Amino acid sequence: MPGCDDIANPAGEFLVAQEQPQSPESKFPTNSQSAESPLERVVEYSVNRAIFGSELGRREFVRLAGAGAAAAIVNSIFPLAAAKALAQEKTGPIEKKQLRVGFIPITCATPIIMAEPMGFYKKYGLDVQVHKASGWAMIRDLSINGETDATHMLTPMPLAFTMGVGSQAVPFVMPAVENINGQAITLALKHKGIKGPQDMKGFKFAVPFDYSIHNFLLRYYLAEGGVDPEKEVQIRVIPPPEMVANLQAGNLDGYLGPDPFNQRAVHEGIGFIFMLSKELWPGHPCCAFAARKDFAEKYPNTFQALFKSIVEATQYAHSPGNRKEIAKAISPRNFLNQPVEVVEQVLTGEFPDGLGNIRKVPDRIDFDPFPWHSMAIWILTQMKRWGYIKGDVDYKKIAEEVYLASGCREVMKSLGYKAPATNSTNHNFLYGKTKVFDPLKPEEYVKSFAIRKT
Amino acid sequence: MAFLEIEKVSKYFPGSNGKGAICVFKDVHFHIEKGEFVTMVGHSGCGKTTLLNIIAGFETPNEGGIVLDGKEITDPGLDRMVVFQNFALMPWMTVRDNIRIAVRAAYRQWDRRRVGEYVQQYINMVGLAGSEDKKPAALSGGMRQRVGLARAFAVQPKVLLLDEPFAQIDALTRGVIQEELIRMWMATKNTVFMVTHDVDEAILLSDKIALMSDGPEARLAEMIEIGIPRPRSRETLIENPDFTRIRKHVLNFLVERSRRVQSEPQISSALSPVGSQFSSTEVTG
Amino acid sequence: MNGTVHFAKVKERQKAWLISLLFLLIFLCFWQLITRPSTGGKTEGLPGPFAVAQRAWEMVSDPFYDRGANDKGIGVQLLHSLGRLAVGYTAASLLAIFLGVVLGLYPTLYRAVNPYIQILKPISPLAWMPLFLYTVKNSAWAAVMVVFMSSIWPTLANTAFGVISIKRDYLNVSSLLQLSWLSRFFKVILPAAAPAIVAGLRISIGGAWIAIVAAEMLIGGTGIGYFVWNEWNNLQLTSVISAILTIGGVGVLLDAGFARLAKNLSYTE
């Protein structure tokens, strides 16, 4: 059971060794000198992992045997070229090759976005175009209408929509979490002296959507600090790309929002990062990859291929060494449309905080696909707490229906990654009265809060 | 049976603000023979235009009806073409098109070429050759009414209805057009019913003049037969003693008697070309 | 005599042009003056006219590029927006003209329907969007319907007014001639009411163009409104201002087109 130390990711065991961040070129020795596509580098990466178990192991081997010999030996054990060809093979005939995947231009969607330019979708035989949406309501409509086949969503959204809360009842499945951590409370520069929730009474906050981890984390933080989020502050819904402009205009005192908009506020000199979300609940889920249940049932092979490409992209993004390369791939206008240095600061975790300090938090944002049922249950308790859902809730059943933990485990294993053994776990908070959330006792948890709506 | 029968026609307009209905005219009854040119004269408000509208089919009478050639009239139609005081030309159409639309409506089976020739014929007839492609705004009042006349004659209606056709035309041009109208009428021998203020014009053009008393509750007071032989011209007519006599009679009616003829029975007086007898049923005073 | 009159007119027009240019010059200088360089931090502040001109030139010199679903040249974006505008506007105009004629010819019906028109008319077309998205279930068609809702009312109102105002005489002539309904509609009613109809169409196209840009900011996809929103996300104000100028320019062209049409269909009575 992962403890407090394992704050990078709940399922820490799949990281065999801590790897030094390196530029992509030196990490992937190539047999040929020609420029390789990211796809091919990924294949090599996987093969090398399989043979040597880690980057350290490989480098040791090369140092001993010499680069040329090492390459030849690798090739004799495992024909790299063939492996690359193999990677192109489909996993069962794909029913629908051309897909549209919706996303919001935030760093939470990194695996979804990067999978297009870096070839992860293509690797599994899919022709995917990522489609930028203007806000979460639009994402909801596009996915319910079927205008997108799969979508970037906030982790509470598939739960809410399956229950018919905040939309018509449409069953969704969430095979993978995109990112964990990666959010922050950003405040306007004029609030430099703020120490805690007590100083925030009367503030105007923004969150991306009602059914977002941001909304629930913000309310949790304020409530545990003795401030009633329903009565003593204003919480508005503003699409993330508009948060910086609103902060600048003075419409907001702050927001708990996704990056790169926290870092962008610092970059523009209008705000500072007050608190990273990982300082509230380390390893909290944020965004996810979701699809309508009937899509997954109608096109199972396509769904599997998507599942695999996303999980693989997520794992690739998890490695600190790849972050810079990814930042470059997802910054252009077609995707995030943000300055590359801002995206880099977010992904690498080396950033100015707006108060004159440079901080180094490598897991400021992290990527881990495993959709713990316990995460779903926590979200459901908060939805119950604030009156978004009423009446009795079968927490376990809904979590199991929507969050495909077992399916994710299968995919992770098939790709050669280790996955957690269980589907549920306790979660640890760094803030608040009740520091440990036990998913087996959801109702008691809801009732344990002093400030709540229901 | 006469060609056009106006049978005891009465017209009421709804009263305003709770007052009772106003009667414009009552029990108007006269006949027009085929080929006759009849003019109605009276003060404003006697309902002569309303009567013309009823004959045209734009309005319906409250009592009585109109019978044309044995059939009762209810709606407007090509058999009773109107020449309007305001010319009523479509300002977005050229002279040619204004006549064309009428011809095409009257002769639906004709092909383009035939219609074109026919239209040109009538344009020439009213002396507008060369102005075919002008829009009405570019024409003088007199020219516009020529188009109106051409349009009306071109459909060869059973009855031609003229609603103060020359009232908007200047006095000098008026005379010319009046003579053109006579020319065209004598060539086609249409039955004509005209309404006018102009007494001289009535005497010049018509076979009979119907005198209407003043409204409300106007009546047909007198039907005068003009015995002056045709062709009549303005220059010579002035010299004619019958013209002077009829003119005096009509003017006298309009100035004095029209007001008092509310309860008189309807009469018809015939004036012979020579002599000045009035029928014995005429009421004087 | 004619020569001097003509010359005086030309001089007037030239004077107006010169004054116009002078205003522009003053404005540009003012703009350049108020755009300060950085105020600490990396804030660009409002970009000056030269920066905007440069960016505008960039955008216009490669208007049809395609670097992915969410990054296309300004020409492509404009064409998408104009396409949606065309579909929604044409449908709305045809319906509005037809309904307007019917209402104009039957005043009792007009009076009966008018309260509903008055209620629907002031509703911002964008407020309909969520409803359309929910029912139509297609974001592209929802945008087209927003255009539809914003183009219909001015044309409808003006057409009805134009038809009611048709002089009795013309209608009398058409009944005398016993014209068929079709003939009457196309040869008498439409041309007579044309100036009023075109005035309505002209107002409608202005409203529709405004609405489509706003709708696209909400819906995303491809379009000039989406382009503005995307550039705004990255605080690229030079692009935003250039796009705004483009939007205005297109609006001017559309309006000028209808002004020309109005001139051609006008008549003097």
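A, B and C label the chains in the order they appear, each numbered from 1.
By our rule, a residue touches a chain if its C-beta (ideal position, glycine included) is under 8 Å from a C-beta of that chain, and two chains touch if they have at least 3 such contacts.
Everything quoted here is computed from the prediction, not taken from an experiment.
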| item | value |
| --- | --- |
| Chain contact topology (line, ring, star, complete or other) | line |
| Dominant chain pairing [most C-beta pairs in contact] | A-C |
| Separation of subunit A from subunit C, taking each centre as the mean of its C-alpha atoms, in whole Å | 43 |
| Subunit B and subunit C, separation of their C-alpha mean positions in angstrom | 51 |
| Centre-to-centre distance between subunit B and subunit A (centres being mean Cα positions), rounded to whole Å | 91 |
| Shared interface positions of subunit B, touching two or more other chains | none |
| Subunit C contact footprint on subunit A (complex, rising order) | 105, 116, 129-135, 137-138, 141-142, 144-147, 241-242, 244-245, 264, 267-270, 332-335, 337-339 |
| Of subunit B, residues touching subunit C in the complex | 56-58, 75-78, 80-82, 84, 86, 88, 90-93, 101-102, 105-106, 135-137, 155 |
| Complex contacts: residues of subunit C adjacent to subunit A | 39-43, 67-71, 130, 133-134, 137-139, 217-221, 226, 229-235 |
| Subunit C - residues contacting subunit B, complex | 167, 169-170, 172-173, 175-179, 183, 187-188, 191-192, 194, 265, 267-269 |
